[in-house]
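Each of the two complexes below includes chain A, the first together with chain B, the second together with chain C.
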Partner chain A sequence: MKHELTRFNARRMAALIRKESVQIMRDPSTLLIAFVLPILLLFIFGFGISLDANTIRVGLVVQDSGPQAASLANAYRNSPYLEVVEAPAVAPIKARVVADDLRAMIVIPPDFSRAMDRGRPVPVQVATDGSQPNTANFAAAYAEGIYGSWAEQQGIAPPGAQASLNTRFWYNPELKSRFFLVPGSIAIVMTMIGTLLTALVVAREWERGTLEAMMATPIGMGEFIASKLIPYFLLGIGSMALCTVLGIIVFGVPLRGSVFALLAISSAFLLPALGLGLFISAATKNQFVAAQMALLSGFLPSFLLSGFIFEISSMPAPIQAVTYIVPARYLIPSLQTVFVTGDVWGLFLPNIGMMLLFGAIFFLLAFRATKRSLD
Partner chain B sequence: MSDTTTPVASATGVIKRFGDVLALDGVDIAILPGQVTGLVGPDAAGKTTLIRILAGLMSAESGELSVMGGAPGDDLEQLGYMPQRFGLYEDLSVIQNLTLYAELRGLPASERQETFDRLLAFTDLARFTDRPAGKLSGGMKQKLGLACALVRTPRLLLLDEPGVGVDPISRRELWAMVQELTGEGIGVLWSTAYLDEAEKCDSVFLLNDGKLLWHGPPADLTSRMDGRVFAARSEGDRRKLLTTLLQREDVLDATIQGSTIRVLAKEGKPEAQGATLAPVPPRLEDGFMEVLGGGPDGHSALAESYRSFPLDGQPAIEARSLTKRYGEFTAAHDISFIAKPGQIFGLLGPNGAGKSTTFKMLCGLATPSAGDCAVAGHNLKHSGPAARQSLGYMAQKFSLYGDLSVQQNLDFFAGAYGLRGRDAREAIGKAVEIFELGERLKVNAGQLPLGFKQRLALACAVLHEPPVLFLDEPTSGVDPVMRREFWVHINGLVARGVTVLVTTHFMEEAEYCDDILLIYRSEQIATGSPDDLKRQAAQLTGLDDPTMEDAFIALIEASEVDTLNPRQAA
Partner chain C sequence: MARIWAMTVKEFWALVRDPKARMALFMPPLIQLFVFSFAATLEVRNVDIGLLDMSHGSYSTEFTTQLAGSPNFREIKRLQSPAELERAIEQQEVIAAIVIEQDFDRRMAAGQKAEIGVVLDGRRSNASQIVSSYIMRIAAGIGASASSTPPETVRVTNLFNPNLEYVWFNLPSLIAMIGAVSGLALASMTVAREREVGSFDQLMVSPLQVHEILIGKMLPPLGISIINGFAYLLAAVFIFGVPFEGSLFLFFLSLVLYNLALIGVGMFVSALSHTQQQAFLGSFLATVPIVMLSGFSSPVENMPEWLQVLNHANPAQYFLPVCQGLFLKAMPAADVFDWMWPVALIAVVTLTTSAWLFRARME
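Showing the complex of A and B:
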């Protein structure tokens, strides 16, 4: 009963790991989560929920017949970001915006060319459909931006621009959100394997009574925990590698940092993920409850509170405070950096340190909860 | 090793509580080497808790424990333990399970081949080494579980209800295997709810409700009943005879056994009353009944207030060539029988034989692939709802909602059986009174003591006073007194013209039946009264006075010979 953790025997542990590996191979659902789910997630996240508004349908009304107005109208028509529908009058376009057919309306006013000639440019009118704020913002920004760059070409400062802002996006010059989503998917998949799968397999041993039989053999609980940890750690790393290769080949995501850094960051994250899974299963001893708990405490925070989809700096302060106890919060920036920037150890090391700290806490909890006892 | 008087494990005054429930109340036990010690008692008596304490998996609140000279759990190297659910990994093959346990128990590699060969031969599993454990039959799983517990010959072997869910044939094989082990000086603890199993042990510890009632060699308890056990037989209705006998002061207990009634006298020989009493050798259950203070008085308040059904000779349940196929697999083939009104009809067979499938078709829960059936004159094909309305269903293990209170369960079942308003209130009121549930109306069904669960399950099944009652292993694992109380109700109902269909693989329950249909491997292989079947078995085996279990085994083995040599059988 005592010295549970010092009871250790390499042969017993090897036998347990072999058993676990056979079970993984025989269980289609495990392989599904480890190797099919990542592919599915990557495709859904990579193609399905790209956060860039690619082409936005807008209405264009040119009320001026001068050459400058025609030139600006051409600039709108030729923009890769807009799909332009034209009409001679405001009313029909307005109706289509209201009907949700168009996202915005751009009106070039009647005195536009004359004002340009006089060197005192007037603004174009942009009306957007506020019912979809994100797209509305994109539409307005595109409309302004195209006007701005057109004006620049014409050698005129657009109205209201005292100083022109020259924005450059480093590392991801086209601001492709896909570049961020691939690292995010890796985080999700590793949470699924580390927390959900581990919680399920240990809870299954409680439910089926196999753990009861195990506890009546000379095994130490340390051996038992290690036998769960090692196979699922390797499975998590394998799944991460699959995500990375797919991300590079299919989505053209660069890997500017080193493979070593990627491995170090992923490994550091798998520890809290596995520790949480082991703790949940030992505390619940029931597959259904374990799955619920793993989704609530592992998957959802990794998804919502890690900065993967919603930027942490734009969250309300109390929610921001909560994100500090989500291990994935330390993973996402590191992964994003290792993919699109390179090895920045000044950023990695504190994050890895935090993840290891959480790992240690969860493992302590898991060891305390996994007792050789049915009481 | 040669010392056979020092227990390999012992406990005195063990107390264990779960919340408010006292699971073990000062229990003693001693397991001697080279013997099979029986830990005997009904479900929830505390058997599993005691075994887990001895295995070091639970701690006792107080009491002295010594397991192989140390504290429980100190010497796991020499402990063999088989939990109720075997502890096998279902997706691992037979050989992988064995290898795992061999490694965990540190079997030297040099001994492995020899040990595996021996265990596989011993358990007759050599043909199935590559089969996943999950695909083995219950009996084979049981043997593999035992083999895993034996990879390194232990000094102490703890077996938690190895006979549960296993058909009588496999149970006998398992017993023979364990018997062989005691020759090597292993101390075996075998826990069971069945007294016929306990009878074969070298010594038994009888547990009931967390208390140790009796311990010693089973023969000591049995011999106390010498000259006090009789088989009563009369020309008239055996159920009426049972009731009269149970009401007598000088009768301790009486039960139906086929066409006779087994009578336990308080002392001497009771008055015959138109029946002939022949002395029979006592069994362990007789002794247990005396320890428990005797059986019920034979009076059923339920039957007295139940409506009567005319015995008009129309079949109450009729199955005509019932067949059910699931894809390639035929789960039940050409099952035909008639249950007359006011009769107890038994569907008997090992697990997986096709009993449940037949049962489901009779309830209208499965549609027959061929053939049809009727309940109380309603054909399940055209008038399923009417047929279902005329039956009540009770399964000991599953038919209650554990998270609902007693009152809520009654309300639910009243509604489910179509009782509304005043009818429902009256029926529930009556049930509460008859089964003495009044004080427990607000208790969740899952928290009830076993005996009350059983009463509530029966109460729910008969709220609408159906003419036909379906019982699925209604009294497996309950103590003998509770079992008798239950059957007193059933006998009373049958006297009112109610027809009862029982599916079971427990021989005690089979004895109560008027007619039995034996199902094996989806086919009906024998039919007749319990006495008919015993007679058939006597012819097959040459046994003088076969028990129901002997009959069961003999008839199944005979049918296997038939399938191997079909021409010979024809």
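Showing the complex of A and C:
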């Protein structure tokens, strides 16, 4: 079997790559994933997903007719952070919270103004919709913040804390979430091309038996794998470039590092992605199963366990341990850095090393799975 | 009727015949459920932060102790110089670095305003903001123990989920999300597979009518998705301890409608594709916006107007609030109906369109 791996002929190789490229160009679904998916993802991330603060719809019930209550109610009504719906009683507002129409309700209690006059304020009641914890936190923070600035204007604010923070966000002072969403979507697109597309294409050849037919020809296994690899590798780099250009032009994400570093990082990631795709196809030999496995072991980990959206340090220890075998975990920090920080080789090199290591492991597995099923 | 039944039985066996495929029907959704529910949290815990303390007084020490005691931070790394701070942030050794200037303790002792500098990693802007709010809360408390506590001005309670448990939000939402990922793939593959091997044409020339074929193709994936949906429900309640306050019957009805809509979208993709690969990639392309724009990752009302209009065709954005509502809020039937009728409409439109496409292709 040894000579099979090392057998190599440049003409044969070129012919195989040409065949593979023609197949890619002919199938519209490949181009869909390589060029439509990146655009779709960038637009969804750019417009649809916003993890930043936004207007929240809340209900307001004013149970007190005094002047302070009216003034505070106005403060809530005029806040740009809230969209206020009013009702005279709590019940109809609460029903709209149940119906998922309002995210919180604010109740100014009956003796609010009188208590304020006596200098012993009664608390304003804020009830958030706990079924969406993130929004609930925002709603509570807004309600408290608006009260605080209102109280300050009225001259009844308690003395503020002595120590205050002077925060600076490096690399992304305006805190645009696009700055991490664009590098993240590049990771997802490269995973889709490397793992899902490769797994599907090769599984189809297994399913139809064309792969066995190929193996009966003088083609060596190394040549076969390289012929699958090179076109999809180029496709992956191509859609990475498309994402980058769109990210810079349409979404204003900077590329502060060098193009060379970006290429090195992306290439290093495509190796484990492609290796995993080849391994899945050889192990399953069935398009449906291969697709499910590719989603499960490629797409989902890249999305969930890479630190792209969810912080790895917040996950339970066993899941954190799993993230170490997810190649995208090493890609995401490098990509984010090359875009918004610059060339930090001290961070890139260990990550590139890990990705190459996983690439080698997955290729070894793919070789073994292919060999076993042919013997 | 007998023909539809025969078709359904045949389809069901086609789905579960292969042991690997059988695994692929039930295992991935369950694995997704577990990984998602533990991993998908926007909370930030166990992060490392850096500290450059140039004051070394009693107030700065109090602040440091409180930081170290916070469950949100794992390690407080002592930094010696601004250069070291820069490197620690750049290499992502810490997500934030705190700078306490030399005059901090003197100002605090004199009762003057004092500033604490915080440098945060803007690459992870979301997590950084959360970390900065943790630090702010701790900073606000320094020296406060001396004075009396101020009176309560705003009392916050959280309805339906008093402790804001993230998993109570995740699990109900995942029924809608994972259902979309697996249901759509399943439906799009059933027709595409036969089309690729050519047996679909044989079906079309059999005495079966187009609607009989489609119903026969629909029922097995529907059944599997409903089994998966109820498996999630059981896992959510008994493994993760999420309360289910609503009506099981309403949950079942909504689940059926939701899956019919997904199957409709899957069939539609399938009707447009020639090969399994096209069907799969097409359905994946449909899944991405369905999941991302469902309101799970960020609220629908935050999206721009034009996107909200397009999103009316997204069945997941209606089913998601119903799932959350039935679990936590005991959502009444009238509200469930208000949310679910567009889903029924989507199901009717997509299913009739795909039936029409199949028939058109035949003639």
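Throughout what follows, the second predicted complex is superposed on the first by the 265 of 375 C-alpha atoms of A that agree within 3 Å, B and C clash if a C-alpha of one lies under 4 Å from a C-alpha of the other, contacts with A are read in each partner's own complex, and residues count from 1 in each chain.
In this section, a contact is a pair of C-beta atoms (placed from the backbone, for glycine too) under 8 Å apart; a residue touches a chain by one contact, two chains touch by 3 or more.
Note that the structure is predicted; figures quoted are calculated from it, not measured.
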Chain B versus chain C as contact partner of A:316, first or second or both or neither: second
Looking at the overlay, does A:147 come into contact with chain B only (first), chain C only (second), both, or neither? second
Looking at the overlay, what does A:14 touch: chain B (first), chain C (second), both, or neither? first
Between chain B and chain C, more residues of chain A are touched by C
Is A:214 touching anything from chain B or chain C once the two structures are fitted on A? First, second, both or neither. first
Of the partners chain B and chain C, which touch A:27 in the superposed model: first, second, both, neither? both
After lining up the shared chain so the two structures overlap, which partner does A:333 touch, if you call chain B first and chain C second: first, second, both or neither? second
Report, in rising order, the residues of chain A that make contact with chain B in one complex and with chain C in the other. 27
If we count contacts the way the header does, which residues on chain A are in touch with chain B in the complex? 1, 9, 11-12, 14-16, 18-19, 22-23, 26-27, 208-210, 212-219, 372-375
Residue ranges of chain C touching chain A (in the complex, touch as defined): 18, 20-21, 23-24, 28, 31-32, 35-36, 38-48, 59, 63, 74, 89-92, 104, 108, 111-129, 132, 135-136, 139-144, 150-162, 164-166, 168-169, 172, 181, 185, 189, 193, 273, 275-278, 280-282, 284-285, 288-289, 292-293, 297-299, 301-304, 307, 321, 324-325, 327-332, 335, 338-339
Touching chain C in the complex, chain A uses residues 27-30, 32-33, 36-37, 40-41, 44-45, 47-51, 54-55, 57, 94, 97-100, 103, 120-121, 123-137, 140, 143-144, 147-148, 151, 158, 161-173, 175-177, 179-180, 192, 196-197, 200-201, 204, 284, 286-289, 291-293, 295-296, 300, 304-305, 307, 309-311, 313-316, 319, 322, 333, 336-337, 340-341, 344, 346-347
For the complex, which residues does chain B have touching chain A? 52, 55-59, 71, 73-74, 76-77, 79, 81-92, 96, 99-101, 103-106, 132, 148, 158
